[in-house]
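Look at the two complexes coming up: chain A is in both, with chain B in one and chain C in the other.
Entry: the complex of A and B
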């Protein structure tokens, strides 16, 4: 992660490609072109990308696209994917309705 | 908040094995699994496993699952299903979603055995309905009894792609092709061979260019790729299909470790992000262990041993066994694990170019490119000496850790020896009685019984057969070659089933004598209503 935090890294201009309209994050409908462009906008980490585009922030929480997004960013930065820190893992690990998340089983004594 | 000695996340092969080991030492164990059924991937695995007796070789995956579950339950392990662990925090606290409520639990030790998720690959049209994971196809078929499609193209020639392709054929689907961008078949040659002899073509160094259809998959175009995986123009081939199965590898589902603060490592050899562990699965946080695919993609057989190791270490950590007892247990388990991590497909050999077997025989490149052994390969691997009467012919040409054939033969006709990755050899000094136990025991379906002395014009070939409905005695059909090409007429002489064969039927067919070295599968011509 630290190695690619150097924002002075010259990555060249965004060059449009034929497959830019390919959807990568299906939950949030984010395309390959949008991700590539975002790298040129200065989003060098997976976490930044998630906040900027919301890719990997949908229902499946990046279960399908996390690796794909990481690979696209890495290729654009011309680094190995394993040098990029994956996104932060947070609870809940699986999609949960807010009403369930708010309904914790609490010991009766604790509640009183 | 309820407290347990040991919380295990995931009731797959690793999780259940860990639970059994820990419960044996007296720990109070709970296993949470988000699925409705326990067993993880085991309950989808209808094929026989490789390995040796200690690794449950020749037992079908789902039966291993049943055995593990029964043993765990008997030992008092609490298995909670439909219970999703959605968070893991400091001090080994987990939150679990059950029904429409959230519960808190605390473990004195935690073993995370959450397994892996399927990778995907984007191509034009990959979001169309009908593009599914190979694992999803397996779930549909083997757990829910639903055919994923009629005409299917498989992307990926690793063991998952090969095994699922065979199961799709068993379910009555048409597998039009197996496609892989790599120049060689990734999975075991024997798995490839049993698909190839059913007539499924392999397209190596090929990838999907596009998938199209109005509302669902109707057509797929594949193309050849060069060594940098770039499509070569004008190499397109089009197939009419309704389903694309994607089997392009797995990624560890290791998020819980990261959440709890374990040190992580991004390791492409292990399939992605994994917790940093010692050799027994303990992470950077004392008392939190990893076992199975979540610690690095391998196989169910190794996951079970890793689970056992983590179970023993958790017991020692909590003082339920002495470190001397732990050391003794671990030594034996390490031996078992090591014997599985040998051979051409072992992690340590990944990426290495292997040119000969450990016996020094040049490997079959045809098997790696097309999925079947060429006639020249057969000559190289099989003894040229003619054997009178019925005898086994073994078409096992890669060093994989597996030896049930040696144990199956009561006459000791088949020898592998101590090193279970060695190739089996037929001992011609012993007489085969044609019982066929070796044919049924071979998890790779690579053993045939051949009798070239049946009559002056005909030979008998006995082959493993796992398709329903079973052909009838006297039925006339076609014998096919190793590549699935129709070779000649064949008549079914017998179809034997037995409990000892464990649902592998032994089909004996009569073919012209000249075809005895080529005929390796029976194709039905009769239509079944």
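Entry: the complex of A and C
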């Protein structure tokens, strides 16, 4: 989805809410208020939000909070969540130990 | 689209474009930043090892990065209002063979000639600084004023701070052509619209070449893929930035506790892609094997994420930061060749000064765009 996104778009001021302390990303302990505030700092996309706050960058890689984060950003921008691109899913699917990922079925003698 | 004419149009919303825009706005200039992708900082700015390092650099770019480490990095958190996670705890460039030590000695000698505090250290001293290293490491170069930072919050921090100063950012606005009017830069044409300005800064990484070509300027950069991986949070182990003599492996432990390591398989230039940089199946396992050779203690650390990115590799692997003589009003800042993050803020500041006043605090002559000559 390649589209023009004017970052001067008027979205009003950040208004504190009663549930701002609610934790959205459990792995990185990022709250709803932090995500909402970051939208007002200019983070209009899920990808930027991840890079800015680390939400969805922890152990589960956003498999739990991705949708929630997306919806919060969309609401703050006053757009439909369907207009927001999800963040890129990155391998591995589950955390994997270095010594396992690094071990390929290659005969050492053959390779050398 | 109605657009009042800005003083400067910056093409590229990465660390170089954003920091240039920020310092231009701080000087009171109006700035429009056009980013071709849908995201701010989507190229090498978000896809690097986070090194803020002087040692191991080419003497031509050393004065600029040293200036940045002295003048910008120490106060960047308060300047931008974000945590850039800057650690100035030194850089170890590791060697495992006699040949490696020769490379390191050569780099060290060149850097010392430029006034940098860097020296060769032996096996024992390396272990005093970092007790987790394997026995394979026989020596290193050590630069205590080097360090690392978080490329994501730094790049987006410049974006946030520039935006707060009134810089206008538009993403998803890919520039396809530059045009002169009466011999000077005047139009920046995107897929959707035409913007006008009397001053344009081209900071689009490897895309700079295609854009500059539309106005008859050849910027010798090409894209080269790199791959990195990130571990889950680990107990705090060490705070230095790490690299190797062959520059094939680098990384650090972030403030967050995860390790970020990058490396290369050597096969990157021959891989195919679908227009985005893709982690290959052989990339992360190769980096894992590299890590375990240097840090056996990390063999049980879990990888949570892998990613790939393109660096804008310049023909001589040093950035181009200059004004273009043939096109008055056009400035270029690109070709950082995979070591642009640490030097980015200094490049931004100096470019902003060059645009605003015609002079920069650091002499940029060694980084001229017309320095490329045939080798014989």
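Here, the second predicted complex is superposed on the first by the 104 of 112 C-alpha atoms of A that agree within 3 Å, B and C clash if a C-alpha of one lies under 4 Å from a C-alpha of the other, contacts with A are read in each partner's own complex, and residues count from 1 in each chain.
Criterion: a contact is a pair of C-beta atoms (placed from the backbone, for glycine too) under 8 Å apart; a residue touches a chain by one contact, two chains touch by 3 or more.
Values in this document were obtained by computation on a predicted structure and should not be read as measured data.
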Contacts of A:68 with chain B and chain C, given as first, second, both or neither: first
Which superposed partner A:41 touches (first chain B, second chain C, both, neither): second
First, second, both or neither for A:20, with chain B first and chain C second: neither
Partner chain in contact with A:90 - chain B first, chain C second, else both or neither: both
Which superposed partner A:82 touches (first chain B, second chain C, both, neither): first
Contacts of A:99 with chain B and chain C, given as first, second, both or neither: both
Set of chain A residues, in rising order, touched by both chain B and chain C: 90-92, 96-97, 99, 101, 103-104
Interfacial residue positions of chain B with respect to chain A in the complex: 1, 34, 84-89, 95, 97, 100-104, 117, 119-124, 126-127, 251, 255-256, 258-259, 266-268, 272-273
Interface residues, chain A side, partner chain C - complex: 1-8, 41-45, 47-48, 51-52, 54, 57-59, 61, 85, 90-92, 95-99, 101-104
Chain A contact footprint on chain C (complex, rising order): 38-42, 46, 82, 152-153, 155-156, 159-160, 163, 168-173, 192, 231-232, 256, 279, 282, 284-286, 288-289, 291-292, 298-307
Residues of chain A touching chain B in the complex: 19, 22-24, 26, 32, 63-65, 67-68, 81-82, 86, 88-94, 96-97, 99-101, 103-105, 107
